[in-house]
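Before anything else, here's the structure in question.
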Amino acid sequence: MYVDVKGYEGPLDLLLDLARKQKVDLANISVLALAEQYLSFIDTIRERRIEVAADYLVMAAWLTFLKSRLMVPHEDDNDEPTGEEMAALLQFRLKRLEAMRDAAEKLINRPQLNREIFARGDPESVVTDRKNIWEATYFDLLRAYAVQRERQIPAEYAPKSRTVWSLQDAEDILRRLIGEGADWVPLHACLSQYLDLPEERITALASSFTASLEMVRQGQLELRQSKVFGPLMVRRKSVE
Amino acid sequence: MDQNTGQVIDDDNDIGEITGRNLRVLEALLFAAKEPLHLEEAKPFLSDGANIEDLAAQLSEKYKHSGVNLVKRGEAYAFRTAEDLGFLLRREETERKPLSRAALEIMAIIAYHQPVTRSEIEEVRGVATSKGTLDVLMEAGWVRMRGRRRTPGRPVTYGTTPEFLDHFGLEAITDLPGLNELKGTGLLSANLPPDFAVPAPNDGDLFDNEDPLDADDDGDDLLTELSQDDFDH
Amino acid sequence: MDQNTGQVIDDDNDIGEITGRNLRVLEALLFAAKEPLHLEEAKPFLSDGANIEDLAAQLSEKYKHSGVNLVKRGEAYAFRTAEDLGFLLRREETERKPLSRAALEIMAIIAYHQPVTRSEIEEVRGVATSKGTLDVLMEAGWVRMRGRRRTPGRPVTYGTTPEFLDHFGLEAITDLPGLNELKGTGLLSANLPPDFAVPAPNDGDLFDNEDPLDADDDGDDLLTELSQDDFDH
């Protein structure tokens, strides 16, 4: 036998090949003969100093044990498998491997996709339309309008400036109106000529009141109010 | 097999069977082809002397009412989804996006000042208007081209659509607030020049100085087109 | 339309028309796709309450004698050229290298024994399995990692994919050739001696003794990983 061990896919493959050479159904195979063939095969290649992979040697050891069990039955030992059980096991493994090989063969001989059977060659793909939904609120819209219309108002336009009495103005006016008189006078009475002008009324009142407080602080005026919301009385403070 | 051969009127049963087989083969070839199939390419697969044109016509007929049809593309044939089922192959993906400030401003001007031309929009805004922004507003369905102003250059006039009213919850374009209402809500300041006016918007019929758009008017600037033409000659 | 609805027995003409339309829609969707289509995916396009299984059965029947057949692949359906035309249409595959004998054998063992671990594959073949061969099968898209067996070392379990069914023209994994015979002889048992309960291959849900794979599980051997770790520290 000059078969290179490298041609086999493991010891089981080698055993299956040897078994097939017996040309009988695996069920009727002589396991003893098979074991002997395997062992002599391994011996041959070892004699030829070809390195043998470990699993082949493990199988050889197991088959040697099987052979001894088949030839010398050990009836006393219940834990160990009998030679017949070991032989059945080997037969099962060989049959299973062969069955898987047959199955692979059947599978690969089926009509295959892209070989005998074809899918749609030019599938029609789904086209996705992207669509934007624009979001804007009514308020955004109105504000956008107002903002840009105002932006476009010519810069030279100057709004009418309001009449404002500064504190200094108010103080000067107050001093002039009260004059040298030392009698109590209602504040609004001495301002009456200004309070009739609607655009000056508020600023006249507010500024002269604030100015009067300042003048009180400086010791130039005296203020008096006899009841809540009553008229505010004012007079020049007499110089000591 | 009788289903196919039944359509074929043949005295001889054998010929019917051969035609049936040719039909099946052609059908499979057309289905598997990566691009529209020239009938010539099917020839090696069919029986000698098969009338390919006739086979293709029979297949077209067979698929006429199906979800897929056999259609002719130039000199070649292909299976294609029936036209009325084209929607099956289209998906819509929508994305919500806020309108840009520029778009909002242009939208607002169009709403108040319509019918308004692009250069009038620019006058109000003081900046140039990109065509893209107008396109966005038209894509949104809020702005439409109304017509062309009967002035030199015949510029397109823009206006709002019913969808605009719908989106902003207006019953009519006249519901847009006027000058006093805008002042009242504080959107416009109280101090405006005396000649400051907010127009009364009108989204209705064409004005006297507007011409309707032709059906094939794509809104391009006529002056631009003209200069393009000049350039070509 | 009568061609389609003619097959449907309906008292009501409207129902017949709706069914006819559903048939056309399903036909178009299945025709347009290259990969098998899950009927669920067609649901949004059909009328409410349409019996999809029944529609698929009607389509199968309609195409039974055509050059193109509607076939079932696992849970999905696809149009494929008729199997009996294979000898005519046959082309040698150019993209894929033919599988090695070992790879073919391993594929068969995985198909018939799934879910199966690498050591069980080795037990059947009596020889070590190179990781590369498994990778070739996974790259072809025929084999997948299913999970991890809940046993010491938590080995990866392998099984076949839907593409495997499609490639080899199987309706279900139970249609594997010669499966019943193999079950009868007890040769599908991974354990020795043969079990009395003969397992059947299953490419579906995880078994009780299988854990799902983590999303980032690359299928490496856990023991190997451990020793790698040990080595690093």
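Chains here go by letter, A, B and C, matching the order in which they are written, and residues are numbered from 1 within each.
Here is the rule we use: contacts are C-beta pairs under 8 Å (C-beta built on N, C-alpha and C of every residue); 3 or more make two chains touch, one makes a residue touch a chain.
Computed from a predicted structure; not experimentally measured.
Asks: Would you identify the chain whose C-alpha centroid lies closest to the centroid of all protein C-alpha atoms displayed?
Replies: A
Asks: Among the chains, which is located farthest from subunit A on the basis of C-alpha centroids?
Replies: The chain farthest from subunit A, judged by C-alpha centres, is B.
Asks: Taking the mean of the C-alpha atoms as each chain's centre, how many Å separate subunit A from subunit B?
Replies: 36
Asks: How many angstrom lie between the centres of subunit A and subunit C, each centre taken as the mean Cα position?
Replies: It comes to 32 Å between the two C-alpha centres.
Asks: On a C-alpha centroid basis, what's the spacing between subunit B and subunit C, in Å?
Replies: So the centre of subunit B lies 43 Å away from the centre of subunit C.
Asks: Which residues belonging to subunit B are in contact with no fewer than two other chains?
Replies: Expected reply: 28, 31-32, 79, 81, 89.
Asks: Residues of subunit A touching 2+ other chains?
Replies: If we look for residues of subunit A contacting two or more partner chains, we find 118-120, 124-126.
Asks: For subunit A, which residues count as touching subunit C in their complex?
Replies: 9-13, 55, 59, 85, 88-89, 92-93, 95-97, 99-104, 106-108, 110-120, 123-126
Asks: What residues on subunit C touch subunit B, complex-wise?
Replies: 1-4, 23-29, 31-32, 45, 65-68, 79, 81-82, 85, 88-89
Asks: Considering the complex alone, what residue numbers of subunit C touch subunit A?
Replies: It is residues 31-35, 78-81, 83, 86-87, 89-93, 95, 99, 101-102, 104-105, 107-109, 111-112, 124-128, 166-169, 176-178, 182, 185, 187, 189, 192-194 of subunit C that touch subunit A.
Asks: Can you list the subunit A residues touching subunit B in their complex?
Replies: Per the touch definition, subunit A meets subunit B at residues 118-122, 124-138, 140-154, 157, 159.
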